[in-house]
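What follows is chain A paired twice: with chain B in the first complex and chain C in the second.
Up next, the complex of A and B:
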């Protein structure tokens, strides 16, 4: 099931929930795609600048350098910067897996074991001139049972708004609650 | 709690049998290591498992049954498998069965002494046994230094990796052995080994012994009393080539020592040092062959004297400029001439010495160039030392200028205190008031005025020579940075990360496989390799150079007061 929401900056994002089993859920947020008009705007700006330099300096290396830089820049942007989809896989009593897939197909994954997860909460943050809500995982401090050792923010590229975050939060909490009620075997 | 079963993917096509592995009760997870096939005698199986447990210190036991039925489900087989549960009593008894026509397996548990009768959920996680066995799980970098880590509360993943890694002996019997037990695991089709690795292992023992003998000879010579006399020991401590050679000697001693590496870190360090040395020597020999081909080293020696002459001429021009009206500033003529002539005479002496040495330069350089075969880092250190020797006069000028300026600044500050009627109390380390006599005040004021008006000249000489010295220091510093980089880069670890990325694991990642209602959840566990940055940070080799401890402000303060600066100090050198 896919639902449409908006991100903090107003772009359209989509949330997809899949329930694989009673204790396993996958929540994926899809970010807006790379727009053709922004790509062509950047390309034409760079090429115009290069052509202007060529007209001044009469050196054709400037043009080939501009093309080269454009290609390398585009590849770097697609592989390291542009995030296509961010997903959260919650497996009860095993852990939480956070995946970001980039536009070039690269996937970067982090798995956090359930023993280290203290809780999943919605926090507020000041970002530029706005105050936004973000979902984060609180990690347990091994030495101090009440303390939090680290805060792992989720969905950093897509930055969904509060309504989307509430859905994700409710899904996660349903699974996390079970580990407290389940009897611990010695 | 949810029951987790870690099943090796190599056993998916095994015949029916019983499952052998480790049960981690506090996390309610079962790590399956192998499948024992029919026919077997339960007593022999128990004996074998006890043996394994004794050797590996991993509590291996029979966990359940596995049925891979190619035909339709047989009732008698399932009853037989349940009866096995009474022979090998294990709580809970896991039964996994795979049908011919479905991908999803069914897994059920039998609890005899449980309080709640309801069926608990089962998650089936497939893992690649060979990769998990060879892999080393790295803790996150922030928590690496917890030494009081009890083995009981190791995290779940660490426990799984640990279990599989320690059970190597279980994987040594393959299906061609004639033992009473028939196992299926990742090596059951035949134990693999590489001839090259075995040959190298055999050859490394005499090679290590020879190397140790040679190294003990060399270090014995180095430690002899002859080389410890004062001028020589001072020279050795100043030359960076000797530092680098000592460092490499230490490395060679580490590699050729007889003790085996205790743990993963030591093994990786040895391997990194070995690969780094090999690359260093290879690049050094390449450089040497390039230098000696077409007699380039002769050309280099020929251009060395003209370059030194050129530098000296430039310095002379600079001094002539300072003696005139540099940048439009008006200098004190007398002091200017004195300082200028003093430095010019110094340069004249230096040039004479260089010309005295010129017939021998080519031969010296030819033999020194041969030492590039010891490594590229040694060649770079020699280059840095040659630069230091050639610019020795700049260093001398800097010291003269700095001392003069420093004296002047201290004199000025002390006389300024006299102006105000104060004095520096050495006992109390503070400024106290003091009443001076009239003649003391008169002479003090006179000296203060003289020093103050001579300040611009000295300051200008100091500034010029400090800038030159800093330029030389920056060039030397860049060379040392390069040498340091080559010394500390963990090349073997980077190659391993590139080619066999499963060996260095930062964690795991799970992928959800096809699901069916009523059947347990199936996940595939894959190894998440360490990022290149973390590899470099974890496995960096320690080096001997330490970066300047002075912050920028203290450096500027030292320069302003005229104190001598030594930006690149080596570890183990006494602080001035």
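Up next, the complex of A and C:
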């Protein structure tokens, strides 16, 4: 049950939906891997620039510095920037868990309990000279039942387009509707 | 507050016109007439002629930077994706529920985003 979609910038992403039980669903969006051609393009650009500098300055430290910068920059990029998969686990009576797995294997997880969740909606906002649709969790304001205290945007790195977002939205709403009709058992 | 022509506006306009021509002529005289001639007339307290070229250059660069600055200010004032300003604002929070009248067009109000989403994205059964 993996479907192909496009991200806001045109990259190919894949949505996988798994239903663990009647009130528990996991939706995972997989981003494209680091492309070999972009990696080799950046590497050649940096090394050619370093070689040009070396030809001008006759200092061989420039070359070793360029190699170090490339290696350390690649490690930092894979560990902190390049997101491999973003997943949303909605458990009807418990809460919502958001996980981002990075290319280096690091996973960062956030859990929001169901009492704080007001709704999961598709919002539109201006982002870097574009208007994008993005899914977000609206957190309840404890003092005001109608108010929204915080907005938690989801799928920030993969930025799926509206068709993918509608699928995720419908899945989440099926589970969220049931928590209102089911009697509160706390 | 209409933009129609008025006698006072005509007078202001003419005064500004004369003033700007006078200022321009003064600037040209100061920039081109050699210092010795001005000293012989007794006018000694002028700014350095360096500024006759520097001020226009500064002005042009400032205008160019102004474009970039305005663009940057716009980008900085755009609400980030995680702010509540993308969803609601003070007017929407304080609006009152107007009474529903039969056969009348419903009053204008700010609809909460959950309702809008349900209407758009969940198919009507």
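The rule we apply is simple: the second predicted complex is superposed on the first by the 184 of 186 C-alpha atoms of A that agree within 3 Å, B and C clash if a C-alpha of one lies under 4 Å from a C-alpha of the other, contacts with A are read in each partner's own complex, and residues count from 1 in each chain.
Operating definition for what follows: a residue touches a chain if its C-beta (ideal position, glycine included) is under 8 Å from a C-beta of that chain, and two chains touch if they have at least 3 such contacts.
Remember, it's a predicted structure, so these values are computed and weren't measured experimentally.
Once the two complexes are overlaid on the shared chain, A:16 sits clear of chain B and of chain C alike. By the touch criterion defined above, A:97 lies against chain B but remains apart from chain C after alignment on the C-alpha atoms of chain A. Within the superposed three-chain model, A:126 lies in touch with chain C and out of touch with chain B [touch as defined at top]. Legend: residue contacts after superposition of the two complexes on their common chain; A:157 is shown touching neither chain B nor chain C. In the superposed model, A:116 makes contact with chain B only, not with chain C. Contact with chain B, but none with chain C, is seen for A:89 once the two complexes are overlaid on the shared chain.
When both complexes are overlaid on chain A, the residue A:24 reaches chain B alone and has no touch with chain C.
When the two complexes are superposed on chain A, none of the residues of chain A touches both chain B and chain C.
Against chain A, in their complex, chain C makes its touches with residues 75, 78-79, 81-84, 86-88, 93, 112-114, 117-118, 120-122. Within the complex, the chain A residues that touch chain B are 20-24, 26, 89, 91-94, 97, 99, 109-111, 113, 115-116, 142, 179, 182-186.
Contact residues on chain A toward chain C in their complex (touch as defined above): 118-119, 121-128, 134, 136, 138, 146-153, 156, 166, 169-170, 173.
Considering their complex, residues 1-2, 4, 25-26, 28, 116, 121, 123, 125, 143, 146, 155-157, 507-510, 512, 515, 520-521, 523, 528 of chain B touch chain A.
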